[in-house]
Each structure stands twice: as structure tokens, then as C-alpha cells.
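Working notes for the structure below.
First chain written, first letter: the chains are A, B, C, D and E, and each begins at residue 1.
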Amino acid sequence: MTLLEVKDADVVYGRVHALRELSFTVGEGEIVCLLGNNGAGKSTTMNMLSGLVRPRSGSVTWQGMDLTTAKPWDIVAAGLIHVPEGRRIFSTMTVHENLLLGGYTVRDQKAIATRLDEVYGMMPRLAERRGQQGGTLSGGEQQMVAIGRALIGGPKLLLLDEPSMGLAPLVVKQVMEIVASVNAAGTTVLLVEQNARAALKIADRAYVVETGSATLEGPAADLAKDPRIIEAYLGG
Amino acid sequence: MARDLDHALKHVPLRAPAPLYERPQPPKGVFSSQRGFMRALGLVAVLLVAVLPFMDASRYTMSIATSALIYVMLCMGLNVVVGYAGLLDLGYIAFFAVGAYISGIFTTVLGWPMWAALIATIVACITAGIIIGAPTLRLRSDYLAIVTLGFGEIIRITANNLKITGGPSGIHGIPTWSFGPWGFDDGFNLFGIDFPERVVFYYFVAAVVIVVGVIGAGRLAKGRLGRAWKAVRDDEDAAEAMGINTYIAKISAYIIGAVWAGMAGQLMATHLSAISPNSFQFLYSALILMAVVLGGMGSTPGVIIGALFVSLAPELLRDFAEWRYLIFGVLLVVVMLFRPSGLWPATAVLPWLRRTRPTPPAFTEATAVPASVMESVDGTPTTEAHEGDRA
Amino acid sequence: MMQLIWNGLIVGSFYALVALGYSMVYGIIKLLNFAHGDIYMLGAFVGFFTLSAFGISNETSIPLLLVVLLLSMVTTGLIGVGIERIAYRPLRRSPRLAVLITAIGVSFTLEYGVRQIFGPNPEAFPIRLESSGFDVLGMRVTASQIVLVVIAAVLMLVLAHIVERTRQGRAMRAIALDPTGAQLMGVNVDRVIAMVFFIGSALAGAAGVMAGAYYGSIDFLMGFIIGLKAFTAAVIGGIGNLYGAMLGGVLLGMLESFGSAWFGGEWRDVFAFGFLILFLTLKPTGLLGARVVERM
Amino acid sequence: MSALLEVRDLRLQFGGVTAVDGLSFEVREGEILAVIGPNGAGKTSAFNCISGFYLPTAGSVVFDGKAIVRAVPAIWRRLGLVNLLQSFGFYRVLPSRVTKWGMARTFQNLRLFRELSVLENVTTAMHANLREGFWSTLLHTPGYRRAEAACVREARGWLDFVGFEDDEQLYVTQLPYGEQRRVEIARALATSPKLLLLDEPAAGLNFNEKQTLMRLIRKIRGLGVAVVLIEHDMGLVMELAERIVVLNYGKEIADGAPEDVKRNPAVIEAYLGVYESEDAS
Amino acid sequence: GCSSGLTGGGSEDAADGPIKIGMLAPFSGSESAFGEYMQNGAQLAVNEINADGGVLGRDLELLVEDDACDATTAVSGANKLVTDGIVASVGGYCSGATLPTLPIFDEAGIPMVIPAANSNELVDQGLPGVFLINGTGDQQAEAAVTYAKQIGATNVAVVDDATSYSADLAGAFTEQATAAGLDVAVSETITPGENDYSAVATTLATEQPALVYWTGYYQEGGLIARQAQDAGFDGVFLVADGSVDAKFAEIAGEGYTENVVGTFTQTPDMIEGADQWIADYEELAGDPPGPYSTQAYDAVRVMAQAIEDAGDTEFDNVVAGLEGLKDFDTFAGPLTFTDTHTLSGGGFVIVSIDPATGAFVLKDDLQG
């Protein structure tokens, strides 16, 4: 079943036309990956989905509901949670408080508590640092907080923007495993990754975004073999 | 010829290879380059200042024009501190006060001639800049703001309480500038035209000092020191990493701001012939800051416009008497709402010189959004991210 | 000596109440809200206006005072929200100092707007607090002073609890750190900021009414100096930190009290500011301000 | 040949957290050294100590024969005034000083001057090398004009060197990420360093850009500048580095040639996992 | 009259139009309450004189400018008045703002009758065209000392608000009181514009002087009177003319005004038969007169008389006219200028607060 549908979306920043008639869909339970060069419009797509930027035209439909002009907080409440590029950790709040904020829209205190336990179980490093200020964490630790924080919100669709940026190889693997397991537990994932190889490994489907439009689409396994993809994103 | 330039750089172990190609030089000409146009504009402004007395030499006009020019000087100084170096100063009027009082005291109590008092003023302002700056410039901006505010109040209250400063009624009878025989107390004659008033003479004196002051501040901002200021404003840590001693950069901005304010203070003291602590209240610090921000921080034309606005608006609104501060307040809000980065921002590009940035080409040579750009997407959702069209 | 401390505490409570709003607003949108002191003034005038409209004058009733207090708090709270909506929100993405200037503009507007309505003369506040005192521990204390300090303390503690411990408080701090990030957590930024303005303005309004009733006279510029003092107090305490704002307010009150006793009233502010400068030089983050370590 | 940079027993604590724990290593003139290690191992912290931004709790750093970390007399420690004194600039070497001595760095998160143009960003870095006085600036003397011209010429030289071909008048925020990285490197080079510290220069770059970056780093070494880089991209590290230092929990767990480090079991366990060559690129 | 071109301003009189007289007063800022009182007082005089046929057969016209009690604003205001062609000035409230206007009016050949500002420095410069019709600080201090002696106070206190008028007066009082053998036990300064004066109040309560002289304005005066009594001070609270206003009692509150007295020049409500004047004033202004309404009124009349006597508006003649005035009838009594252009007596009396209305009423004319 189609969970999310983006249709002919156009986003313009001043004079930069970042998205041009971008269309794609995400089905329930999928991991969909967006590939593309720097500046192709991947982050813009994510920002549009979470309501930080508004498309000039086109539409975003979520479970039959129109989200094109919804406010970010309503979108979060609807279950789309965005782990942004650059992580956006609240620097003077502790790791624990950061995680709690992830549950801002969740009314059910018990649910928050169980999810907290899960997150701390999944990323023991965070349990170790729960009282440390977010801003003093290392880059990798921050990335874990960002992902953990999103999970506490109980996302239906998790939007991940370059989660492996700045992570050690071992952690990249872990993160990908986490994503896969979260997905296995029923959360749909839209993933943007520079590390195409790792991303395609866990994704079901992928889109190639070029200058703001989706130019290529297919099952992840097929794309990983596509010579055009190999040359441009995987490197020989 | 390139090697002729070598001794302009200190001896450095690592030199860049010569540029691979000469980059296209920016066009010259009044309308086809920003720089040329600004110069032409500056010249026009200077001309306007020079011919003003020939159009209206009434005491009132001359007097408010002189005050306005002095404000310009003051704002240029504050612009160095706030606009270039990014240090929020809420007590800037203190340096103005130091200048005014030092020149007042030296000329009246000690009977020094004005030019000698000028030297004393500059020395005093440098000292004041160091005294207040040295211990406090390590503070982050809001703390610095309150410290400077406190300093401003300390100076004012001290002036109010001391005997030498004349207490609350201040100092009066400050003599006008004179150059040897030319004091023009009884008016003067220029090109066969009679200027009956001392105010006109004094207007010219002030105008000359201020034109020099404006050009000087502008030049400093473009050179090595100015780059250091702006670097410190943008990112202090990165500036340190570039070999800029941020502390020295900040304190130099402070000292220069202090000297400019001190000179303005001296001009004001002579212009009014009397000064009192009332003129150095916090409100005036706020007004000058307002002029700088309203005009456009770090932008010479902006700051001039802002200074003229803030000094002249209450005058032009004189006829509204009690209403004028109300109108002034509303006006401020409205102007800022419509021009949030000031009337003439530092980053302004003349409309006809604006170039469009080509949209990023596909695939191989794609451009990227820096994560930092996202910083500007904030608050309410919008389709237009700010300053995207600076080019 | 004890008397000096007590005197300092009274003034300090007023500073603290106003400083609290200052600090909250600053904390969340990094705005030095110069109009905040004028909200305090507005609070006093709202009280004055309602009471005069009902023809009340020279009352001493405390219940009546509480009613007026509540009314003024709601009114100033709403005015605060309105000001934010009109003059500050559109500039949220603009350079910080731009908002500072509109705040000054708003301040002028409020001051001279009130002047046009109520005239430039000070007005006598219609409710007067009973001010006969008794002596304890060598200080002269009045019942109304105790009421005052208690009300102030309660208001402040409730507020601090909200901000430090609750979900909404966490949202406020998150907005302060990164508004975009907060939105991504589902925080309705507009609403939370409006709420902060409401609370901060209501507190200032409360302080205004209490000052009117306690001191007896109000005028259109009464907010100016206390605004500056509150700002100072907020900074001493570590700006953005609410307990700090309270502590800063009380400390400033004490400093002034001792300053005038030791050096004479004319040097009081020199002493207070001098102390402040010295203190900040040695402890650059204020009393309770967190040292923010920035990562490279 | 003697070491250009010598780090001995460097220790950095934040409250209870020990970010760097007795780290020692050295950098020789003109070499490319990579520092790797898990997230939070203390790589960036070590950089910050070396370049003067953080004041380490203990240890010594000597660069080009000059001590960067200064010993504080015990009495101040006992009085608890160390921090205060250091915040006033006593007993410490400011980063700007370190830069003047010939060490340049980039930051993990780009730290360009956002309100300055590309050219200005680079000319700003010439600060220490420029002969421009106060009066000559005010009066626009010929000396000043020459210095400005030299400064611009030099800056353009560096921009060309790093392969920046776009419009130098653009604000840096208008540039693609990869270009910004390049400008940051050009800016660091313009300080005329003997040693360049790069903190994750390849993060966020795509495949092609990484290739270009590698070429650039080699070119820099070719100028005789030693390069120390922190990087998580193993492909890049293995191809580029002549020597690798591996950190874990603030301690050095390996130091050696890439081939050896790659096979070091401790490194594999702490950092690489089962090293999969395909993950690198 | 917007004079343009090179010849500039100057004070050429249009010779047939109305005679323009100017007034600088505070209309904005913290002292702005007084501007309107002064303007209305002056306007009333102008209206009356014009109704009587004007001066030298010409009407008077009053031009008012704001000085905001601030030097810069005052200077441009003065220059504006000069440019607008006034021939005489009847303004000046704050000494600090009036001082820098003196050379401007002097150069432009404009005589000044200053209604309110009364710092000695105004006349100390010896400018020929400057006349004060408010009693000077010295004179007022003398009245205060006389009163203190009269009630048998031996130790006294003085509190000022750090403005020039207040500090001057406090200084003069201290000097004269010491010379008269009184002990000035406390001398305090407060910051105007605040609410809490408990520091001063506490000092007064501990030192318990028999009399305290408050030399500032009523805004703070009322608060200090109240807070001092709350703190336990029970001596006489003597206030200077800046505090003599019905608002004082309102601010101090009921029960805090019994021991409050003031030094003041006479005002209409203290003079028999001045009811008509007050009624006229209220008709013009819509509000009852306030501090310095009478002085401003008198300033205009004095100036008008001098011009009438001079026969024209030439500076020297008008100054001569002013110097030649003999026992000219004003609210403060018959007026003759001294050599230093101040009032001979000052005409200060002691006033106290009428508990019924809260207004200040004559208590003692100090003649006995």
C-alpha cells in the first residue's frame, strides 16, 4: 500500500530551483533510498516532507491526507519523523533530555519509557553518556542521539538524511543494522545516503535524484548492478 | 612584476604558486561597477555637504546639520565596533562623553587651545577604550552588552557627581575651534558672499573632520585590520585559526570606536558650547545603536543614512511636539519590519549589477547545499530561504 | 545592617520578577526585549485604569488587589503576545539586532502612547498597601512587604519549575537552542514562543501592579529604569537561567542597598555596575549561567 | 630528520570524561599521517589541544621546536586559578600564535566566514603575513596598495591551487559543499603552514569529489607541507596515508604503516570491524 | 518665516507682523509634564495682552519648542526659534538645557526672561540679556534656613536628586545652614525615576534630623516622604519648589502630609482674588494650572512690559527696559531686577498641605 506520495513537487530557493516536478512514492514497510549527487535536492526533499520548506507547486499525500502545506509540528504528529542533515542536537541539553524531546508529541508516558529502554539497549554508548550535554558529544555520538531521538517519537515513516556522515566504519554498519531492524519492526524508512553501497544493501527500492527530479527508479538490488549507478555513485 | 610585490609580504616559508590564469577584472566605470558607483555617490554626498550652506544658512539648518554630521561621525565609530567587529556596545555614548568632557575641561578649566585638547581627547579615549575593553572583551556578546551599558552609566554618573565636570549642570562656555586668526566669531566672507554666522564656519569645520572620519573608517574596514574584525564577527574560533589574535582585533576595534566617538564628542562640545551629563544617558547609546542597525550594520552608506535618520527624524517631527516620540517609535518598528537588514545593508548590490547564479548543472559537476545553509531555514516554513539571491 | 538586607530584598523581588520575563524571552529567542520594562508600566496603568473606571481610590483591600493583579496579568500577557506577533515574529529570521531595534521602537510606542492617554504626570495608584510596620531582628518590616516577597517568590518558583521540569519547559529550551530542530521534534514553535511572551509579560504586569500598590505612584516612564535593572539582574544571574534571574535580582537589590549605605546614593549605581563588571570579568557566565563549550 | 610535531603524554579531561588519555605521537616533516579511531575516541579533541584551542590537562606538545602547551607553576594550580589565568592569556599559547608558527587547520564542521566572499575568506588568512600598518591603511600609501595587491594575488594563487574555479566574489554560503571544503583548505594554506591538520575533509563528499580531494592532499604534500588528517573513509586513508595512528578511548592503540594497521586485530576489533574493502570508496 | 539663502537667520523683526517671542520647555522626556504648564501660562498672558491691544500696537505671538531637558535638543530648538525670527525668549526650565542656549540667544541679540530654570550659573556668566524671574537657589535656600531656625531645628538633613537644580539648591542650603550654625547631619542623593528610596528613608529614620530638606521634584518627593515616615522618621519634611504640587499629597498618600512643608514663591491660589486667573487658565488649558504656570505667565508680561518701555525690539533697548522695571506686579510680588538680573527677594514663602484638598497653601510668609 502506498503510504507517501509526492507528486510533481517544485521547490524554489530565491533563484535556485532545487526541486523540479519531483515525484516518487513510498510503500508501507519499505526502505526507500534516494541517491544523488551533492546538491541534487535530496535534503530539500526531506525538508519539504517535514514541512521546513514548502513546495511552490505539486503535492505531498500521506495516507490519503494532504500534507503539502502542513506545519512541521502537525507532520510530526502525523508520524513522519525527520533526522536532519547535521543532526541538530540540542547542545546544552543532556543526552537524556534530547531523547525525551523526541517524545514531545507522544502522550503515552509508558510508551516513551519502553522506547527509551530500547534505544539505550540498541546504543549502549548513549546509556553511558546519558547525563552529558549533547553539544559535547563526538560527531558519531551525536548521530546516534539524533536517530535515537527520532525513534522515541514512534515514527511511522522515518526520514533519514545522511545518517552515516562522519561515522566510523563499524558504526556505519551498526546504523544500517539499526535501520534494518527498525524497519523490520514495522517502521517505513526513507533514506538519503552518500554511502550508496551501504544504503543499497538494506534498501528495497531506490530513486536517483538529479537536479531536482527523479530520473531513475527501481529495486535496490537491480540498481546496484546498473553500470550508470556504479560509475557515478559506487566508484568503479 | 609579480615579484615586485614580494616585500609586501613578510617572509613566509610557503608561497602560493603563481595564479594559473588572470581572473577577469571587475569592470570599471561609474555605473558598471559597485565600487565606482559608490565612489561617485560619496563624491556627490561630499558636494551636498559643501553646498548646503549656500542653499540655506539659517542658524537652525546649520545647527541641526552640524549635529547630524556629528552623529554620522559617532555612528561610524560605533559601526566599527558593532558592524565590523560584531561587539554589541550599549554604552557607546560613554566615549562620546569622555571626548566632550575632556575637551570641555581642558579648554575651559585649563584654558588649553582646542587643538591641544584634541590630543588630550584622543589619548583619553584610547585609555578609556583599553580600560573598559581589556578585561571585558573576552565576554560573549550579551555579557559584553551589559558591561558596556554599565560602563556608560558609570561615566555619566561620575560626571554628574564630580566637581571638575561641573556636576549636574555640566560645563559651559566651551570655546569654538579657531585656526590662528580665523575664529569667525563675527562671521566671514567667502567669494563675496557674506556668512554672518559662526555656526556656518563651525559647520565647515565639523564637515571636514567628519568627511575625513568617514573615509578613514571606511578605509580601515577594507584593509588587513578590517578583515580581521569581520572574521572575528563571523567566527571567532576560525579567526584564531587564521592567525588573527582575536583579542587584539577586538580591542583595536574598540579603541578606534572610542577615538571616533571622542572626536565626535569634542565636536559636539564645541558645537553646543555647553555639555551636561543629561546628554549622555543610556537612551542616547540606544539611539546611536539604532542608527547603525537601522541603516545597515557594516555599511558606510547605510550608517550615514541611519545617523541622519535618527538625528533628523525627531527634528523633522518637531511640529508634532508630544507626538513625536510616539511617531518615532512606530516608524522604527515599521522600517525594521520592511527592511530587516537595514535601509542599506552591507551586502546590498546595486540592482542593475545583480547577476543570476546559473542553476547547478546536472550529474557530474553538481553543486551542493552546505549543511550550514540550512541554518537559515528556521521558524516558520517558507518557500524562500533568505539571501539565496545574493549574487 | 539587617535593614539594608531587607530593603535590598524588597527591591530585589521587583527586579527579579521583571528579570524573569526578560530572561525567559531572552532565553528563547535571544531578544533583549527593551519593551519589557514598559510592560511593567502597562501593568500598573491597566490596574490604575480599571480601578479608576470603577471609581475606586485610596483602598487598602488585599482581595481587591489580587483581583486587579490577575486582571492586569491577563491583559499585559495578551499585550505581550500581541507585540510578539506584530513586531517580533516577522523578524525571527532576521539579524538579531534588527529585533532589538523594533523592541526599542515598541518601547517608545508604549511609553509615549501611555503618555498621550494618561498624560505626562505621575498618577497616584488607587490601592494602597497598609504600610505600618513592626520591628524584627533589628529591621523594620511591614505586613505588605512580607506579602509582596511571598507573592513574588511563589510566582517565581512556580515558573522556574515549569521551565526546568516539564515537557513545555523542555520545548522552550529546545527552541532556544535550535528552533528548526525543535520543530522537527513536533514542537509548535509559534505557540510556545507566544506562551513565553504571555508568561513573561504577565509577570511584569504583576510586578507593575504590585509596585503601584506598594509605592503608590505610577508614571509613563516608570518601566525604563527597572527595565535596565532587570536586564542587569538577568545578566548577573546568567542570562537565560531562571533561578539565575531571581538570584541576580535579589543580588542587585542588595548591591544597591549596600552601595547607597556605604558610598552614598549618588555613587550607588557606580558601585553596582562596577561590581557587575568586575564580577563578570572573573566569572564571565554570570552566577548560574552554564559555560557553553563550543565544539570545533 | 627531526620531528616537526611532537606530542607527549597528552591528556585532556572534561569533568569525569577523559577525552584524550596519554597520547603520544609525532609527525615528521612533509609526511601524510592519518589519525583514525572510533567516534568519540578523542581525535578532534587531540587536534584542538595541538592547535591551541583546548588547554590539555597534562602533557606536552612541541611544534617546530616551540612548546605549544605551557607548564603552569604549581602554585596557581593549588590556588585553583589556572583557568582564570589561562582565560586571560597567561600560560597558554593562543591558536593564532600556533598558526603564525606554521600550523594550520580545518574544522570538522565547516567554519568559513559566512558573511565574507570567497576571496575575502582567503585574504583574511594572510593576516599574519601582511605588511600593512594603521597609518598606511588610512592614507592608502603605495606600500599599502602593494601589500593589498600581493595579498589578493597570493590568495588567488591558493584558490587556483586547490582547483577553485568559480566566481571568487560569491559568498561562501552560495557554494556547493565540496567547493566550500576546497575554500577552507585554500584558506588554511594561505596562512603559509608547515603542517596542515585536516579534520574529516571527505565527510559529505561524493565519490568524484573524494578523488579530487586525494589529488589535492598529495599536491599539498608536494609543497613540502606535512598533512595530518582525521578520516573515517578507509579507502581514502589507506590510499593516502604514509602512516596511521589509531586512537581508542583517548589512547593510542596502533601506529604504523597502513598495511600493518589494517591487519592489527585491536584496530579491527575497535574500529574497522571485519574490514570489507568494498565499504571503502 | 523660513529664512533661506546665504544671509541666514538673525533676528530681523518683520516690523509690522506680530512680535514673536519664543519659549523652550520640555515636552518630551522625564520632565515633559512641566512643558505644558509653562506653555499654557505663557499663552494665557499672550492672549490677555493681545486682547488689550498688544505691545507697541502689534500682537504677540508665542512660538514654543521642545528642549526635552537635553542640551542637544535645546540647542537646535533655540536655533529654530532664532531662525523663526523671535525677538525675545521667555523659556527655560532645566538649567542644564538652558545653559547651552544662552550663547545662541546672546549672539542673535535676543533677550531672555527665564521663568523656571534658576541655577546660579545662568547669570554667573554675566551675559547682558539673561534675566531670571524664578528665585535662585541661594534665595530659596535662605528661606529654608530661615524656616529651620524658626522652628528651632538644630540638626537638619538635605536630600537631592542629582539634577543641577536640586544639587545646586542642596549645596546652597548646606552652606547657608552651616553658616547659620545648623548641623547638616545627613546629605543624601537619590536617583530620580525609581520607586524605592528605602535607603534614604532608613538613613533618615536612624539619624532622626529635626528637619529634612528635599530639593527635588514631587514625583520622588512624595515617595520619599512616605517611605521615610514608614521607616520611622518623624521630623519636618521640607520640600523645595520643584515638589510643590497637588500631586505630592496624592503620591505620598493620606496621613503622610501633616509634617510636609515647602519653600515656594507665591502662586495664584495663595493670593487673594486670583480665582479669576485660575478660571481663565482652566478655560484655556482644560486643566488646572501647575508648577511654573505663573512664572511663565509673568515672564511674558515682564517681557511685554520691557518691550513696551523700550519702544522697539532692539536688544539693547529691551535689556534696558528690563533693567528699568520697578516694582512690576507679579505673582511673586513686586519685581525689580538686581544688578545680576535676578529677583531682589526671591519672594519665597512657606507653604503646607491642606489636608482637605491636598493642595499647598500659604503657611508662613517668613516676614515675621
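Observations on the structure shown:
Assume a residue touches a chain if its C-beta (ideal position, glycine included) is under 8 Å from a C-beta of that chain, and two chains touch if they have at least 3 such contacts.
Note that the coordinates shown come from a computational prediction; the quantities given were computed from them, not determined experimentally.
Least step count on the touch graph, subunit D to subunit E: 2.
Each step here moves to a touching chain, and the least such steps from subunit A to subunit D number 1.
For subunit C, the chain whose average C-alpha position is most distant is D.
No other two chains have as many C-beta pairs in contact as B-D. With centres defined by CA atoms alone, the chain at the far end from subunit A is E. Rounded to a whole number, the gap between the C-alpha centres of subunit B and subunit E is 40 angstrom. Distance between subunit A and subunit C, defined via averaged C-alpha coordinates, is recorded as 43 Å. Subunit A and subunit E have CA centres that are 75 Å apart. Work out the mean CA point of subunit A and of subunit B, and you get 47 Å between them. Within subunit E, residues 28, 32, 162, 189 each touch two or more of the remaining chains. The residues of subunit C that reach two or more other chains are 112, 115, 120, 180, 189, 266, 269, 284, 293-296, listed in rising order. Multi-chain contact residues of subunit B (touching two or more other chains): 138, 157, 160-161, 237, 322, 325, 357, 360, 364, 366-369, 371, 374, 377, 387, 391. Those residues of subunit C whose C-beta lies close enough to touch subunit E in the complex are 3-4, 7, 10-11, 14, 58, 112, 115, 119-124, 128, 131-133, 140, 142, 211, 214-217, 219, 221-222, 224-226, 256-257, 260-261, 264-266, 268-269.
Of all residues in subunit D, those touching subunit A in their complex are 14, 17, 36-41, 44, 108-109, 176-178, 200, 203-207, 209, 211, 232, 234, 270-273, 275, 278-279, 281. Interface residues of subunit E, counted against subunit B in their complex, comprise 2-10, 27-28, 32, 64-66, 69-73, 75-77, 79-80, 82-84, 94-97, 99-100, 102-104, 107-108, 119, 121, 125, 162-168, 189. Residues 53-64, 67, 157, 160-161, 167-170, 172-173, 193-200, 268, 271-279, 314-315, 318, 321-322, 324-325 of subunit B are the ones that touch subunit E when the two sit in their complex. For subunit A in complex with subunit D, the residues that touch the partner chain are 37-39, 86, 125, 132, 136-141, 143, 162, 165-173, 194, 197-198, 232-235.
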